[in-house]
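Should a chain be cited, it is by its letter among A, B and C, assigned in written order, with residues numbered from 1 in that chain.
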């Protein structure tokens, strides 16, 4: 069964249409790139999958269920904004995740933190912006989730941090889980993607395996993206 | 291994090519352990499914073999290694000859040029 | 899951509330000492007496402000934790909206109660000497005697306490409802929250006015005092439950359906 299914998914904010009849499925074990320019509807789609927004029309299903308490148990979400409660220490944050998520692997999280030499006693508010972002990614990837939704995980980070983030994603997700990475920086992520979905103005423009695109068109996904979204 | 990928063409195919070169040149010795899928994926910064596909392809061509529980190893069949070495050499020769032909070099001219070039290099 | 939410909510709020309570008690103790020194024998130097006066004034201001400060902190906590960036984490936890609201309302009511206790303690601390201890002991003794002598005193105290608890739950819910409405909009979220609060207040007044004026109070003549009291309490509780229920419904609806995180 598909991990994520959208059927005629539509969302409007006032008169602006953020998503316009989106149909798509994500199968288990795939790393999917949700690629589109800023304002194309990527974040709206991810928020709908998390139940942070409700669809205007159509439906979105996670493991066959509407977003709710049950789906939140298996979805691990990295929001676009860094939003950790800053009064907590790294250790308290792990306790928080452990309390609410049965699939949180505290040992894995502690291991990743110590590799970055972040101490458990360190307070979030005393960390740099880059460190905070990494800590949040660690909390998200240390869950043994069924679906990871990563909204712009590499937006505005330096190349070393980008490699760290992509390596963390590759090395921590389990092969039966799916990962959706939303981004407009295609060249940076295309090597880690199984499938790509191009989205523009709330509509799906192209959905195909990344290797098929490269093989059939003899071009990188990034180049194809630039053609599709030529201004 | 240093991984760099061309924009066009499937990534798994490029990985197969790179590993073949390593086997042919001896950088990966016969019987040496081949990195596991996840290890290879992280090293090359690619999707684990892509790394898996590359290894499956190499296995299909008989250049590596899987041992249950202990992983994958480079073939010890020297004939197979020699074959892949020739195959790669032919590929390089072909692209060289095509490029030279485009510059107007005929077969005899090309041979003379190569002999000269190699002698010059040796004298240096 | 409500238990875990309550635990984390308590911990998150305690780290701001406990220091405030601590400071309040400290200021009260200092004000006590200062007042004694000023009224003590001998002349106090001017500088010291200014400082003493300031400490006593600080105590007065603190006593007046502590209730408002608690409300302010609880309102801010609800907004920051559920309607701003932290909302991305809170609303993707596998817990229901109802558990979220209850954890907030119960914990803030607890702090309202705690700040009342701190106010009483501060007053006791500031006026602390052998006489006041005796005095307080006497009053408490009298209350206890009254409660054991007459059944209905204990009952009345219990009913007043119950109404206070209900009132603080309702107050929390009305703040939460107003914030949830205001933050459903794209801009001017706080201004619109205030507007929503005023709107809820006006609606509440109208509701109370019409309900209270629609009753024929003639029956009070035929009942004795304690029965009249009970009916009044039940009526007040009923109105608070109704208004609290409406605010709860509004909060749940807006958090579930109209969440608008930036």
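By our rule, a contact is a pair of C-beta atoms (placed from the backbone, for glycine too) under 8 Å apart; a residue touches a chain by one contact, two chains touch by 3 or more.
Keep in mind it's a predicted model, so treat the numbers as computed, not measured.
Nearest to the global CA centroid, when each chain is reduced to the mean of its CA atoms, is chain A. In this assembly, the chain whose C-alpha centre lies farthest from chain C is B. Work out the mean CA point of chain A and of chain C, and you get 41 Å between them.
We define each chain's centre as the mean of its Cα atoms; on that basis chain B and chain C are separated by 75 Å. Averaging Cα coordinates per chain places chain A and chain B 35 Å apart. Annotation for chain B: no residues touch two or more other chains.
Every residue of chain A that touches chain B in the complex is listed here, in rising order: 29-31, 163, 166-167, 170-171, 175, 191-194, 210-211, 214-215, 217-220, 222-223.
Against chain C, in their complex, chain A makes its touches with residues 13, 47, 50-54, 69-70, 72-73, 75, 77, 79, 81-85, 87, 96, 99-101. Those residues of chain C lying in contact with chain A across their complex are 1, 4, 7-8, 12, 15, 81, 85-89, 91-96, 186, 256-257, 259, 261-262.
Interface of chain B with chain A (complex): residues 5, 7-13, 38, 41-42, 44-50, 53.
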